[in-house]
Amino acid sequence: MTRITAAEFEALLREGAPFAATLGVETVELTRERAIFRLPYRADFLRPGGTISGPMMMGLADLAIYGAVLAAVGKKELAVTTSLTINFLRKPPPMALIVEARLLKLGKRLAVGEAELFSEGDPTMVAHVTATYSLPPDKGDEAS
Amino acid sequence: MTRITAAEFEALLREGAPFAATLGVETVELTRERAIFRLPYRADFLRPGGTISGPMMMGLADLAIYGAVLAAVGKKELAVTTSLTINFLRKPPPMALIVEARLLKLGKRLAVGEAELFSEGDPTMVAHVTATYSLPPDKGDEAS
Amino acid sequence: MTRITAAEFEALLREGAPFAATLGVETVELTRERAIFRLPYRADFLRPGGTISGPMMMGLADLAIYGAVLAAVGKKELAVTTSLTINFLRKPPPMALIVEARLLKLGKRLAVGEAELFSEGDPTMVAHVTATYSLPPDKGDEAS
Amino acid sequence: MTRITAAEFEALLREGAPFAATLGVETVELTRERAIFRLPYRADFLRPGGTISGPMMMGLADLAIYGAVLAAVGKKELAVTTSLTINFLRKPPPMALIVEARLLKLGKRLAVGEAELFSEGDPTMVAHVTATYSLPPDKGDEAS
């Protein structure tokens, strides 16, 4: 069972990542198995050449894996990204993006996740991301 | 000698990365040895908790290494980021960020660079980035 | 259809990566869709604590993605790894390792692949790898 | 002041990473500021084409950053590598390798370091590595 609902996650984003909320990111699915989000297309995301910017894709993937972490551990606002690797595979056309994230590991102190980005309706991956999150210690633990 | 001036690079950004231009990124130094940029502080960059967002830092590092690539190869608008790894080291306080980039390799087909991010006036690194760029082939070029 | 057979790939390894051949890596499956290899257990792979060393896992994943690249492009001995990111998820027990690799992108100049490592018979991933390979240009080729 | 001596580190390697000890890795410098090691040349490290294998370079960099971590925190045998990214920049010729490592961050729970690899006597970098280590909790902490 997920430990955070889509509505709770979106509320967290509005408070904690106004950037994401402003972009209009939509939750498609948020379970312990996977987190899927949709970034609607807006002309001002584009770089000349008609593609979506790299930082936008990185931010979207980070958000999606963060969602997967919270679905597993519950609302822990202090979970922080410690590292992220992105491979840009193809230039996405000017369309909505879909990101699918899942956890590769959920430890007590670290969570590692993976995200795949697609243009909506096209199964060809446009970017791949792995990222690590530091989880806050439970009461009685010591923080880093 | 650098193969692109700060003014030329900033013009490229205005056309090609309106995102960066909007943020008001300033060129501090742009030579073949290193590229240094400054991101002035603006309240709307912040996430609750008073820190600068991860995607903002990734975008800034990407821009800086891209500047270092262009300083070495000249204006090649088709150079594209193929992969990027960021390590978030410390939460930057609400201040201007400085990014220093240098090339680790300049081949015919690939360039690899490194960027270090700092809060202005503080020598403690807040994030570290490596990124790879695919360079467009010259006419008649064979591979690197 | 695969463009290299398991026997051809193993012959390449014997010539080109005696390290891998010495370890006794076995090809389980080698198709254009995925490449699966098995590393039999040998006591001398172990580090104290009874786990398999990190470099061993990195080398195994590199070999597997390389196999997936060659299954797609044919025997190109000059394909070289340009970057690799590994996330160590769990300490593998002293058992055979299985690695499953697939390509995320196959361009004219670069291939990007992903590998998942498991202890034999256990579906819990022990490590995840992404890696990029530079492909040698064909005669007369322009860039991808 | 360093919290582990070169002799203590080498003893740890002999017990804990017989792989590294077998290779004959030599400590050049081990302080809190940086860790430098030398891998003497041996013909059996080579791949056809006369270059040193990727996994060998990854293992050497991992060892060096691990040395830098222990120089800072003291003998903590449970520190484990959680992720590592390597960029291969140039093929090293058949010569001794030098690796220079330093810490980018030393937290209570995570350490992040960087390593640069060179062929002995040549200032052109052949590979660049960043890696993250999970530090064991002090008494009273909870482990991950």
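Per-chain numbering from 1; labels A, B, C and D assigned in written order.
Basically, a residue touches a chain if its C-beta (ideal position, glycine included) is under 8 Å from a C-beta of that chain, and two chains touch if they have at least 3 such contacts.
Just so it is clear, the model here is predicted, and its values are computed rather than measured.
J.: Greatest Cα-centroid separation from chain A: which chain?
T.: Most distant chain from chain A: D.
J.: Comparing A-B against A-D, which pair counts more contacting C-beta pairs?
T.: Looking at A-D and A-B side by side, A-B shows more C-beta contacts.
J.: Approximately how many whole Å separate the CA-defined centres of chain A and chain B?
T.: 23
J.: Could you give the separation in Å between the centres of chain A and chain C, each centre being the mean of its C-alpha atoms?
T.: 28
J.: Let me have the rounded angstrom distance from the C-alpha centre of chain A over to the C-alpha centre of chain D, please.
T.: Averaging C-alpha atoms per chain gives centres 32 Å apart.
J.: Taking each residue of chain C in turn, which ones touch at least two of the other chains?
T.: Only 82-83, 85, 87, 112, 132 qualify.
J.: Chain D touches which residues of chain C in the complex?
T.: Touching chain D: residues 15-19, 44, 47-49, 53-56, 58-59, 62, 80-88, 91 of chain C.
J.: What part of chain C is in contact with chain A in the complex they form?
T.: Per the stated touch rule, the residues are 85, 87, 89-90, 104-105, 112, 114, 125, 128, 130, 132.
J.: Looking at the complex, which residues from chain D come into contact with chain A?
T.: Touching chain A from chain D are residues 82-83, 85, 107-110, 112, 132, 134, 137-138, 140-144.
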